[in-house]
Structures are given as C-alpha cells and as structure tokens.
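Each of the next two complexes has chain A plus one more chain, namely chain B in the first and chain C in the second.
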Partner chain A sequence: MGKKKITPYAVISMILLVLVALVFIFPFYRIMTGAFNDPTNVWKAELFPSKLTMQNFVRLFKQPAWKWLYNSVFIALVSMILVCGTASLAGYALAKKRFFGQKIVFTLFICAMALPKQVVLVPLVRIMSTFGIYDNVWAVILPTVGWPFGVFLMKQFSETIPTEMLEAARIDGAGELRTFWSVVFPVVKPGVGALSIFTFINTWNDYFLQLVMLTSTENLTIALGIARLQSADVIEYGPLIAGAALAAIPIVTIFICFQKYFTQGITMGAVKG
Partner chain B sequence: MGQSNPAAAPQKNLSHVLQRRETTVAYLFLLPALLFFAAFVIVPMVMGVVTSLFNYTMKSPVSAESFVGLGNYIELFQDKVFLRSMWNTVVIVVVSVPAVTFFSLWVGSAIYQKTGWVRSFFRGVFYLPVVTGSVTVVVVWKWMFDFQRGIFNWALKSSGLIEKNINWLGDQRVAIWCILLILFTTSVGQPIVLYVAALGNVDQSQVEAAQVDGATKLQTFWQIKWPAIKPTTLYVLVITTINSFQCFALIQLLTSGGPSNSTSTVMYYLYRNAFSLYRYGYANAMGVVLAIIIAIFSALQFKTMNTGVEY
Partner chain C sequence: MADGAAVWRPVARCVVFCSPCMKGCSRGRYPYGLCSMADLSLRNIKKIYDKNVTAVHEFNLEIADKEFIVLVGPSGCGKSTTLRMIAGLEDISEGDLLIGGKRVNDVEPKDRDIAMVFQSYALYPHMTVYENMAFSLKLRHVSKDEIDKKVRDAAAILGITEYLERKPKALSGGQRQRVAIGRAIVREPQVFLMDEPLSNLDAKLRNQMRAEIIKLRQRIDTTFIYVTHDQTEAMTLGDRIVIMRDGYIMQIGTPQEVFDRPANIFVAGFIGSPQMNLFNARLEKIGEGYQVSCAGATIALSDRIQARLTEKQVGERDIILGVRPEHVLLKSEKSSYTISATVDVSEMMGSEVYLHVTAAGKDAVLRIPTTELTEEQRGGFSYGTEIHFTFRSDLLHLFDPQTEKSLLL
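Presenting the complex of A and B:
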C-alpha cells in the first residue's frame, strides 16, 4: 500500500473527490454557521458569520423545542433497547436452534423486510388509534420494534457462536436463559453494538412514521417540529435554521463517535456472501 | 435449512420429547420479536390488502355496502395524478439509480486503500446527509434554493451567469432536478460504505499477481475486482431502487408535489390520499401496487444475495 506510485489519474481523482466532498459538507457548514449568526444576516452569503449570537436559539425556544428533543431521544433510545433485546433473542433461536417451522418464520421475516414499510402505515395508524396510543411516542416505538431487520442482523452474528460452547454449557447443566446470557451474549456483543447504533440513528430519522403518528405540538419529535416550522405560512428562517442545527448536532455527534459500529451494521446486514 | 450445520448431526438421535422441548424453547426466544412483528407488520399488511377492496374513507367505513372489489385499482390506472406520480417516480428511479451506483463505486475505489482516517473521513462526509436526516437537509437546501434571496441565485447572478433569478422549486422543468440532486446527496452514503467494505475484501494477492503479469489498472479492475464486487453492486442497485421508489420526505417538505403535480411521487400521492383526502381504501390500493413493484425488485435482490449463501 505504501509504495504506490502517484499517477496523474490519482491526483485528478483526489482533487475531484475533495471538491465533491466540499459540496456535501457545505450545507452542513452553512447550517451550523447560520444558526449562530445574527437573525438579520440570515440571507447574506457570508462564509463566516459576522456576528455570533444565540438570538436564533432564543427565538426557537419559544417553541417547546426541548420537549421535541426529549421525545426524539426517548423514541430512539427505547426503540434501540427493545430492538436489541427482541432481536438478539430471536436471532439466536433462528441461528442455533433446530425447530419445527423454522424455515417458515425466517422466510416471513425476510419477505417482510423486503417490503416497503410505508405501505403498512395507513392501517398502522388505525391500529394505534384502537390501542389508544395514536399521537403518543409509543405509536412510533412499537412499529419500529416490529421491523425485522434487527432479527436478520442478529441471526447473522449468532451464526458465529461455536456450537461446542453451547454443548459444553448444556453438559454443565446451564439452563437456556443462563446459556444465552453467559455464552451467547458475550459472543454476539459486537453485533448488538452495531445494531444499537444503527437502530438509534434510523429511528431518529424515521420522518414518515413520526409524521403520521404524532400530531399535537408537545408530542412532536425535533425533526417533526422543525418540519412544522418550515411549513408555516411565513417562514422565520433564523429560528428554523437554529432548529435544523439542533436536530442535527446530537445525531451527528453520535454518528462520529460510533462510526465503526455503524458501518459494521450496514455491511453485516448486506454483504454476507 | 442448515443441513450442513454441525448442530444438525446429533439431532437425529434426539427423541421426540427432546425435539419438542427444543421447539418450545426456540419459540419462547422468538416470542417477543414475533409478537411485535405480528401486531405491527403482519396485521397491518393484511388490513391494507383487505381494505384496498373497499371504498373506505373517513365517512364510509369498511362494510358490505362499501365493497368495491378491484374498483380502487381500476380507478388508479385512470387517475391522471396517479399516473403522473408514477411517471415521476420512474424518472427518479431511472436517473438516480445509475448515478448513485456509479458515483459510489468511484468514491469507493478512490478511498478504500487510503489510510484509516482518510477513509473514515470521506466515508463520514458522504454519509453526513443521511445522518442529519431529511428535515435538516431540506431546510438548508430550501434556504439555498430560495427564489428571491437564496444563495444559489445570488451566486449565479453576481457572477453574471444568469440575468433573472431561477425559480428553482417553482418551475416545472427545474423542480424535479433539484429534488434529484438532493435525493442524490442523501442516497450515496450507504452504497459507499458497502463498496469500501467490498473492495477491501478483494483478494489482494490476485490483484498483485495480475499487476506482475503486466495488466493495466483498467484490466485489473474488470478482470479481478469487478467480479468480486458484483454481489455488492447488485445489492446497491436494488436498495437504491427501493429507496428511490419510496421518495417522500423531500417531496413533502420541498414542493408538496407541485408545481401542478410535476414533482408528485407515488409515495407522496398515497400520503395525500390517506392523510388529507381521507381516502384510506384508495391509498391502500396504491400501497399494494407499489409493494408489488418493489417486491419484484426485492425478489431479484434476494435471488442475487442467496447465490452461494445457504440459510
């Protein structure tokens, strides 16, 4: 790798790459600088804000933005925990148990995963109303947990559990739950890590599901709250951009910290074989 | 299922009692996942298909009188707005899928051999629009695309490239391209991650052997790397196709399908029917049609993915 020759092609390709990367960073940069800029400068094409203020945020927080942020965190966190719990149990059973109906269950999971989630949203709203949790954070959490991607991912990870270890635990007289907790779980832990971060980010950004399930102002997520500010008749760009920054900062921070696990989650779910 | 798995071997000796016990245990492990899956995926799916056969609206519930058989489906194919939305959706798919695939393969090849942090940096940058979420992305682009005061019009005008401001999102001919551009920036993240991983797994000794034999870079790519990353390419093609078919948030937030439905997509029209026109049955019929189209692509996906992998 180190002794590669620098060819003209490599140079041109690198320059192009950096240029395109700038196009991708620019909107993000613009929102971060715009958020802290003076509200009157919102339309100016300044590369650096001429005045740093918190004015936009002050105006944003006339809306219940903290509550929105809290809702987003709550939904993402609870979904993450429930997905990891249900998926690691189910993934282990599918990978390591031999039982009646195994193939049917797995095929069902796979087929459902291939279908567009949005297609079931209209009936889902009905179901949530029946349960009395429409316009409630749980209306977003429960369908997220039902989505079988996690099961699929954890099945892939559970395939790597050495069968001899399970046999040994059985011979030692360990019960099923004990075996799961002390033999299976330590092996699939990296998988759980990948799945947690993957679920957290995807749930945070699942705009469509949030849009159809949550309506009252205090029940919105941060994304939804910003979307509502944006669809107002007269858009106040200052607070709107502060809101967009507020929605992006936590999730981008989490992504940067856990990039490794996240990429692992994507690749494990996809290129198996 | 798993005939080649070592766990299957002792199974032959298990008595029926043990086997039944194993089945019970397995289902207990599966129970939480299955409960959620049944309640929030299977049940709504069945409901969606069944109610698509009814003239089910806010005022008329599902009943014997509102049964219309395939009426909703017949109406769909005579509905001009639906056909327009379908056409736009197909345009989006046809433009974005090759663009995304080609671009991410290029980025993937350019960065997969770079040192750790350079690779992570670029991978992160191209993933940024996905992570920040559609709403934030839309807010910033809409702000930059603004007709009167947006930075794009300002830049083009002050550099003398245009004389009159371009109505980016309000002009029928331009709006869909703006959507496509934004969709592009939010679509390449995952394919790039996949390509970096796949290219990293290509057998390096084969690449070196080819280079020793005097193969050019292009030859090495086509003869060795391309076959190795083919499954990834097919996977990328299919997920990008599915995502493009489901394009919704950008449309709803940027143009609301306008001007005059020129940017409406199937997903957006479905949403409008269900949540502002309250035509649930009709919306569900649309969902079923979209699901069938996507299922065809997904079947292709799993057929490709299954080659060489045994479940």
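Presenting the complex of A and C:
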C-alpha cells in the first residue's frame, strides 16, 4: 500500500522538469561561480572555477557597495511594510465595507493596474521634486505605496472573511482598528505573506524607477551601482558579477524561505478553498 | 376565554436607571442606564432597503424580562433582519427599539448589553476556544483571573472544558456551536440573541442541542430572542412565538395558542406537522345554530365554535375549513356526516399511520393512531382504497377565504 507505480509518463515528466530546472538554475550558478572566480577567468567557459578568490568582491567594495546594498534592502523592506499595511487596510475596506463610490474606487485601482509605469513617470518625478525628495530613497519608496495589485490581492483575500465573524467582533466590543488587527489581519495573513514577497521582489527589481529617481553615487541601489560600473570605458566584469551575486542573495533567500506564500499568492482563487 | 387558555401579558417593567454615569449600579458595565431588567419594546419598527424594498413592516412587540421569544417564519420573512436590528447590526429605518425602557436605535451593538450566536458560529479561526470565549472580556478590560473563571465556568456548563486549547477547526459542528454559545454566555448579557443556531447541525445533533438550549435557559437567567425557520424548534423553545411572513407579523402567542387558535391560514399551515388540511366548505345557518357543509358531508360544530360565530354574527358564507391531521376520525361506513377519500400513500409509523389521501378534490393527510385501526387496516392501506372520515367538531378551524383570517378569533 502506498507504493506509487512508476509510469513512463512520470519518468518523462520528471526528466523534462529537471531539464527546465537546470536551464533556470544555470545563470544563477554562473553568477555565483563567476563571482568567486579569478577576474581574468570570469567569462571562461568552465563549469567549475579553477581557482576560488575574493578579488572580485574586494574590487567591488572599493565602491560604496555596502551603502548600495543597504539602500536596496531599506527601499525593499520599507516599501514592503508600507504596501502591506496600506493594501491590507484598503483591500479589507473595499471587500467588506459599504461606502459611497466604492465601485468607482475599485475600478480606478483596476485601471491603475493596467497603466504602464512609464506613463506616470514624468508627473511622478515632478511631484517628488516638489516634495524635495528627488534623489532620495523615499522617492522610490513612496510611489510604490498603494500598489494597485497589492490592493487587488488583499481585496480578494478579504472577500473570504465571513461577514458574520466581523459582526461577532463588533458585538464583542471591538472597534474598527481592533477588528482589523485582531480578527481580519490574522485571517488574511497568508495574503499579506504573499504580498510581502511580491512587493519585496518587485521593489528590488524595479530598476527603471530607481534609475530615474536616484542619481548621487551614495544614494544608488545595488542594481544601479552595478550598472554604474559599466559606464566607464573599460567594463570590469569581475566586480560586476560579484555585485550581481550580492544582489541576488537576499532575493533568493527570501524566495526560498517564503516560497509557500509566494505560490499561494499566485494560485489564489484558482481552487475553491 | 371560554377554554381557560392563559393570556400572556408582559410583566411590569422594573427598570433601575443609573444615569448619568454607571456609578452605583449592580452590574455597572454599561452606559445608557441599561443596568436593569432586560425588557424590550419594538415599536413600529420598519426596515427599508434602498428606499423601496421593505423587509420589515410595522413590527410591534413587547418582550418581558427573562422571556424566551422565538421569531419563526419561512426564508425572507424578515425574522433575521428584525434580530439584526435588535443587535444593532442593521439600522432601523423607522420606529423605536427600547431596551430597559431606553431608546437604543443609535446605540452601538457593544453598548446594548447583548450577545449573539450566529448560524455559522462565526468563531475566530486563529484563536483557541479559550481565546474565542475570552475575547469580549479582554476588550472590556476584565481582569485575567476573572476572565479565566468566567471562561472555565461557561466551558463547564457547556461541557467543552477539554477543548479549551483547541482551535475551532479541530472541533465538530456541535462543539463549535457550544463554543459560540459559550462566547455569548461569558458576557452575561441582558439579552441573548440566537440566529438559527442549530441550522448547520444534522438532525440528531439538532435535537440534542435543542434540549441543551432548554437546559441552558434554565441555568442562565436572561432574555432570549431566537430566530428559526423550524416550527418544532419554535414550539419547543419559546415562551411565545412570533410568526412572520413577508415582513409582517402573522401572529404572536404561546406555542399552544398558535397551535390551537391560528389567527390565519398561513399560521395554520406553518405550525403543526404534518400541516393542517384545508378544505373549501360552506358555513350554513340552521335556526340559531351553524353547521358546515363540505364535499357533500354535513359537519356539526361544537358549542364553543357555535357561540363564537353567533357572537360575531357571522352569516352564511363560503369558508376554508381547517382540520389538523390528528383531529380526523376514521369511520367504517359512509354516511351524510362523512367525507370520502381515496388513499394515495400510507405511511406506518408504528404508533400511528399517516394516510395521504385525495379528499374533496384536494390532497390531505390523516394521522390515525394504530389503536383505532382494524387488524386488516394495520396491515396497510393499498393505493386507491376508499376510506370515510369525519372531524372532531370541537377542533375545527374556520377561515375567511378572502382575508384568510380566522372567523373564530
């Protein structure tokens, strides 16, 4: 009992999956091995580095790479917290509260999801300049707050909360914020988990906005910093690939730790709970 | 009342106001001077949705302290809406709701000193049973020791002490419902609201929980308002029953009153199982008295009914004759006093047999004790068998076909 029969279909599927996984893993593997390889051998077609060295990192940290990394982490973490806070509150309100203009507000959020980022970039730069935060990490953080996709995701999660549960909390004596914090938030936590990862990855990878908003060397993110290394006449691939490895580590760690929430967020609504 | 039936009257109000503050009141927990006996008054209450859909019309009801009131009716009759208005979960469009003599239309649910048990239990899934029950007390800043005592006392009453550390998902439907009731008990509310609390349970568990609610009511001395669509629950639990249809109150009375003297055809059909048989008939006058003619049979009326009709000066007219299935007498011979019928289905229940028949062009159900059957009849009635029956003259119901109201009330 319990012994699975191995079918040819299962074998072929497994081989295909392994091949696809290798294809996806290979670039990451090349970055990691390249980062620790001798600077002159970075692009040599060798599967295993002949000599492991920290030279690439040493050269990278001649630049303010720690500051870039700090900026990237700060932007991603603060955006994540603010997006999760605002999106879960807004999603809950749109799903469970009745107010004038509710449908219009939600439609606007959906429309905003369809809007390319480039369209709003010029007004965004002007707004940030007006606020005096252009070339500041907050110029990258603030535009992500109220991320329409986050609001949409949290609205869908909040729809699953039984209205009677909220009414029970109301009768028990919980006010709006207490109801949200003690009753709603724990129930939508898987959604918040998924959204945290989405936001972190999205912000980390949002090269375009960072490129437009940040200019001073010390305000750059790790992605911008690496790009800046290429701008000289001679491209130093060693520090470049070390920077890429450095930039990949937090995102890969986060993904591995919260994979469950990530897939939950993607598949949400696909299967009736 | 000729038959000596008791007439319900609300007990005299006994409200102790403790305004403007909470000082000096024995319970000392609530503003609005509600530290009193929990009598409720619903005066001309209306619920109108979207300016044109009226869910509840002119609802008037006086509920005495510690009374068990059941709101019963089919789906969409407005019973849950009424309960939700009492709870404060729905706004009252028109009219006044008074608890302990104070108007509470605009008072928040948490300040009404009520607790509610929902059909779907509405437990907090991420909290343990203990935390679920303690939540409302925590919000009221009750001390930890007192919370612990109250939760454990309530758990002991409901037999859920061993589940206190479990999460709701690890409990059965019946256990969850107990937790929901426990959550309400710990509050020691003045008014206990229950919205179809047994509907999600299977038949066996429902009977068991019904008995437990009766026991619970004896233990905790408070006012209950219970909503159900199940007339058995209504009859067994309520001191008084409010029968509703389409947002209107059809009748208010004790279970025996609404069963014995239904105010209209709807109540007659809704209360009692199997439901009352209704026949087209004619009320005839003979001298000073009355008789009913139905499907060629002449049916005599009891002195009580005769007196009531005379008192109301009812003339000859078409009527709807209502007869409960158990108030039918089977006769062996056809006569001018019997109605003939053909058997469609016969259901032997052991102590009685249910005969589904076609009589006077209508489907009817007769409930005959097996002790009144011949040996041959106990073996079963085959399809198409002709039977003859008459009614108990003192237990007939006469309704006006136009207004559908009883001619005897």
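The rule is short, and it goes like this: the second predicted complex is superposed on the first by the 245 of 273 C-alpha atoms of A that agree within 3 Å, B and C clash if a C-alpha of one lies under 4 Å from a C-alpha of the other, contacts with A are read in each partner's own complex, and residues count from 1 in each chain.
Quick note on the criterion: a contact is a pair of C-beta atoms (placed from the backbone, for glycine too) under 8 Å apart; a residue touches a chain by one contact, two chains touch by 3 or more.
No experiment lies behind these values; they were computed from the predicted model shown.
When the two structures are aligned on the shared chain, A:Pro186 is found in touch with chain C, with no touch to chain B. Of the two partner chains, chain B is the only one that A:Phe109 touches; chain C does not reach it. After overlaying the two complexes on the shared chain, residue contacts for A:Arg178 are found with chain C alone; chain B is out of touch. Contact with chain B, but none with chain C, is seen for A:Pro143 once the two complexes are overlaid on the shared chain. In the superposed model, B is the one of chain B and chain C that contacts more residues of chain A.
When both complexes are overlaid on chain A, the residue A:Gly132 reaches neither chain B nor chain C. Within the superposed three-chain model, A:Met165 lies in touch with chain C and out of touch with chain B [touch as defined at top].
Shared interface residues of chain A, touching chain B in one complex and chain C in the other, do not exist. Per the touch definition, chain A reaches chain B in the complex via residues 1, 4, 9, 13-14, 17, 20-21, 23-25, 27-28, 30-31, 34, 43, 45, 82, 85-87, 89-90, 92-94, 96-103, 105-106, 108-110, 112, 114-116, 118-124, 126-127, 142-143, 145-148, 151, 163, 166, 176, 180, 201, 204-205, 207-208, 211-212, 223-224, 226-227, 230-231, 237, 240-241, 243-245, 247-248, 251-252, 255-256, 259, 263, 266-267, 270-273. Across the interface of their complex, chain A is touched by residues 87-89, 108-110, 114-116, 118-120, 122-126, 135-136, 139-140, 183, 187 of chain C. The touching residues of chain A, counted against chain C in their complex, run 162, 164-165, 167-174, 178, 182-183, 186-187, 189. Chain B contributes residues 1-2, 5-8, 11, 19, 22-23, 25-30, 32-34, 36-37, 39-45, 47-48, 51, 106-107, 110-111, 113, 120, 122-144, 146, 149, 151, 154-155, 185, 190, 193-194, 197-198, 201, 217, 231-232, 235, 239, 242, 245-246, 248-249, 252-253, 267, 270-271, 274-275, 280, 283-284, 287-288, 290-291, 294-295, 298-299, 301-302, 305-309, 311 to its touches with chain A in the complex.
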